[in-house]
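Given below, in the form of structure tokens, are the structures.
In what follows, chain A forms one complex with chain B and a second complex with chain C.
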Partner chain A sequence: MDEQQHTIVSYGTLTAAWIALLFLTALTVGITRLDLGGYKVLGALTIACLKGGVVIAFFMQMRYEGRLLRWLLFVALVTLAIFIGITFFDVLYR
Partner chain B sequence: MTVSDHPRGGFWSDTGRSGLGSWIFSTDHKRIGLLYLFATFGFFLVGVVLGLLLKFELMTPGRTIMGAEAYNAVFTVHGVTMIFLFILPGFPGAFGNLVMPIQVGARDVAFPRLNLLSWWLYMGGALIVLTSLFTGNGPPDTGWTFYVPFSARTGTNVSLAVFGVFIIGFSAILTGLNFITTIHRLRAEGMTWGRLTLFTWSLYATAWVQILATPILAITLVLIMAERMLGTGLFDPGRGGDPLMYQHLFWIYSHPAVYIMILPAMGAISDIIPVFSRKPVFGYKMIAFSSIAIAAAGSLVWGHHMFTSGMSDRAVLVFSFLTFIVAIPSAIKVFNWVSTLYKGSISLEAPMLFALSFIILFSIGGLTGLILGAAATDVHVHDTQFVVGHFHYVMFGGTGFAFFAAMHYWLPKFFGRRYREKPAVIAWALMFIGFNILYFTMKVLGMKGMPRRYYDYLPEFATLNLVSTIGSWILAVGLVIMLVNLIRGLLRGEPFEGNPWGGATLEWSIPTPPPTENFAREPVVTHGPYDFTAMKE
Partner chain C sequence: MTHPVHKDDFGAKLGMWLFLFTELLLFGGLFLLYAAYLHRYPREFAAAGKELDWMLGTANTVILLTSSLCAAMSVTAVQRGDNRRALGLLGGTILCAAGFLAIKYVEWGAKFGHGIYPGSERLRGGAPGESVFFSLYFMTTGIHGLHVLIGGGLLAWIATRVRAGRVAAGNHVLLENGALYWHLVDLVWIFIFPLYYLVL
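Presenting the complex of A and B:
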């Protein structure tokens, strides 16, 4: 059986990721106070995607995984992005 | 019973185990396939009885056998049973399990235990759905779409039914995962992607939709439960929610789900037609490609269910355009099937008759779908009997007839006995005639303006409704004849040996019924699935 390679991520990297998440959370709260109309949802979703990306990349260690898993994740995310994106033809112009 | 004295042989007896436990705890893909077949077809029959009751109620204006509330409950249970308990799991669960691993040259699916778990999850979910009918404040009355705000407010047993469907969703995801892994990893030597059967290709495309779209249904169903139990207000405009968002979420899954229902049926038809035409399938690559294209494009068209919902005009335009794109790969398939028939040596046996009916009925269903996909015409026929007629032409005339074709084509292989041909043909004829009388009149009624989901109607619709109800009886008689003939034939009929249909795919190269391990030695594939000349050499 193959030995699984486990990458140990440094405290520094994880702390930086955590600070980035805190900053993005503050940004989410911040844009609720701006008058952006329908684009407010788009902004909030963009930030949420970035936060999800940080969690997946560093805390779930996808950044250190092989190409196949990255591709599988990419396909799932693109599918989700397309679904959400097309929904905006309704949400933005209703 | 020992191995030697079992009348069937093959996987029925070669493990030496018998009894209920040898079935419901078996990890053999063939046994699991038959478990799915018995369960899904059993639920189909329940759905048929409910459908007959609905048509009986509509035989005359006013109350015939039930009132408005009972009618609401019956059409909801009919829809939930047919969609979630029969047509979604039916083809992949039954024939996907029975045939696909053999067609790729494998001894079983990649994860046999997961496969068994999928069946148990399906049965568990089905049991919960059934429990919802007889407990709480009665069966759900929302329609199979569970639209808010009604589903969030009605006192009927919506939460339990929704939870049952949620569990069934897991079964679909695991089956999809299993099939994709099997097709990628367990193909026999020489079984290149270009030599896969078109049924396998269709299951492959279906499996991706199952994996990518089903979680969205699961989330949507959880949100209904949250709305009912926690009062989250997600879909309540009075509290900042959006009822249209529910429809988006529901149809993001449920329109691709239509392709989960129809794609394996198309795959089975693509396997059957060349065999009974004695001719290689026309345009193999394009049929395989069109399965993937339908799965991909079909995932982007959910909004055409919402043209009259108050969605933005821009979205209506986009979804209408995308809907028309799906017609292209669908038409590719139809043209290729017809081209396969051209100058073929056609043998009109029961599987072929059902397959040919599929082409006709699916084409009528598909073309009337374009009337619904075009926003301008959709406004006129939305929520009328026209939609019900269209849906049944595609789902019953399409997937249903393909299911019957597959039953007549593949089941003798797995039972080792065959049905009688003449009753099968009579049953097919009655079903084809009854089907068209039943559903074509519904299309006409819809064009004339009769809405769906009402137990009563204006007197001017009486004659066509009576005709439609008579059609349902003819269809039911045909169905009973087909079923009796199949059961009698498969249990006590003439032995079915060798390769009487003359199929060139791998399942026809192994003993009948197949042994548990399928192949005595791992097969080496040297020709394509429809290369009949290579088979004769």
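Presenting the complex of A and C:
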């Protein structure tokens, strides 16, 4: 059967991901202390998505997974996006 | 051994991911409620959000990111046959989980002290948007906190199996799945943190 060989992610790679996450945390705290109006939410959420991406790719090892898991993740995220999109279509144009 | 041991690591991991997707949708629903009510009560949300301490939120973010690093490293350690180091790293993750919950306890305690809890006099008498904000805050951080508690317990149990050598290189999918659950807890917090503590 589909024998999945396990990738070993080095301590160095994981530490680099952690440093990137700390940097992005500092950045998001920094920009939200400024008076940016509506861009604050946009900026903070963009950074949160980037951080989420780093966690999923490196800590959760999605980067090293096969096609099936990647596609399933994609489908789950699209489902969530559809929920959010349709709700806002209702909330904003009611 | 007479019977070949049935082992399907990929199937185990696939099952874990499917479960995690349902978790994503659970928290996604809570974030969706937050967004819809933020749109309806922008001023009340901004005023209520100022009550949360962003420094404590930042501290908890750093703690959870570090705990995730330890959990991910423990998988690497086991894969390299270093169960001793994996145990230490899992201990680090559990310590971080305890620190996170301690900070959460202080935060919730301060809110309760100010008369802010679901159904309190102050919230019932205040603006409707304010009570919605705090209901969502307690609901979201409460369910997340429960996940921290469960994740910490799960990793502690897995640590006993690592110690006993029952989780070892080549037979470590249990640890991988436990770590995946823990990273999900971290992932959800990455979105709670800016939405509740920073943008308002």
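A few notes on this one:
Definition applied: the second predicted complex is superposed on the first by the 73 of 94 C-alpha atoms of A that agree within 3 Å, B and C clash if a C-alpha of one lies under 4 Å from a C-alpha of the other, contacts with A are read in each partner's own complex, and residues count from 1 in each chain.
Keep in mind that, in the parts below, a contact is a pair of C-beta atoms (placed from the backbone, for glycine too) under 8 Å apart; a residue touches a chain by one contact, two chains touch by 3 or more.
Only a predicted model underlies this, so the values are computations on that prediction, with no experimental measurement involved.
Shared-chain residue A:93: touches chain B; no touch with chain C. Of the two partner chains, both chain B and chain C are touched by A:83.
Counting the residues of chain A touched by each of chain B and chain C gives the higher count for C.
Counting contacts by the rule stated earlier, residues 76, 79, 83, 87, 91-92 of chain A appear in both its interface with chain B and its interface with chain C. Of all the residues in chain C, the ones that touch chain A in their complex are 9-10, 13-14, 17-18, 21, 24-25, 28-29, 32, 35-36, 39-40, 54, 58, 61-62, 65-66, 68-69, 71-73, 75-76, 79-80, 170, 179-180, 183, 186-187, 190-191, 193-195, 198-199. Those residues of chain A that touch chain C in the complex are listed here as 2, 4, 6, 8-11, 14-15, 17-18, 21-22, 25, 28-29, 32, 40-41, 44-45, 47-48, 51-52, 55-56, 58-60, 68-69, 72-73, 76-77, 79-80, 83-84, 87-88, 91-92.
The residues of chain B lying in touch with chain A in their complex are 212, 216, 244, 248, 252, 299-300, 303, 306, 310-315, 318-319. Interface of chain A with chain B (complex): residues 75-76, 79, 82-83, 86-87, 89-94.
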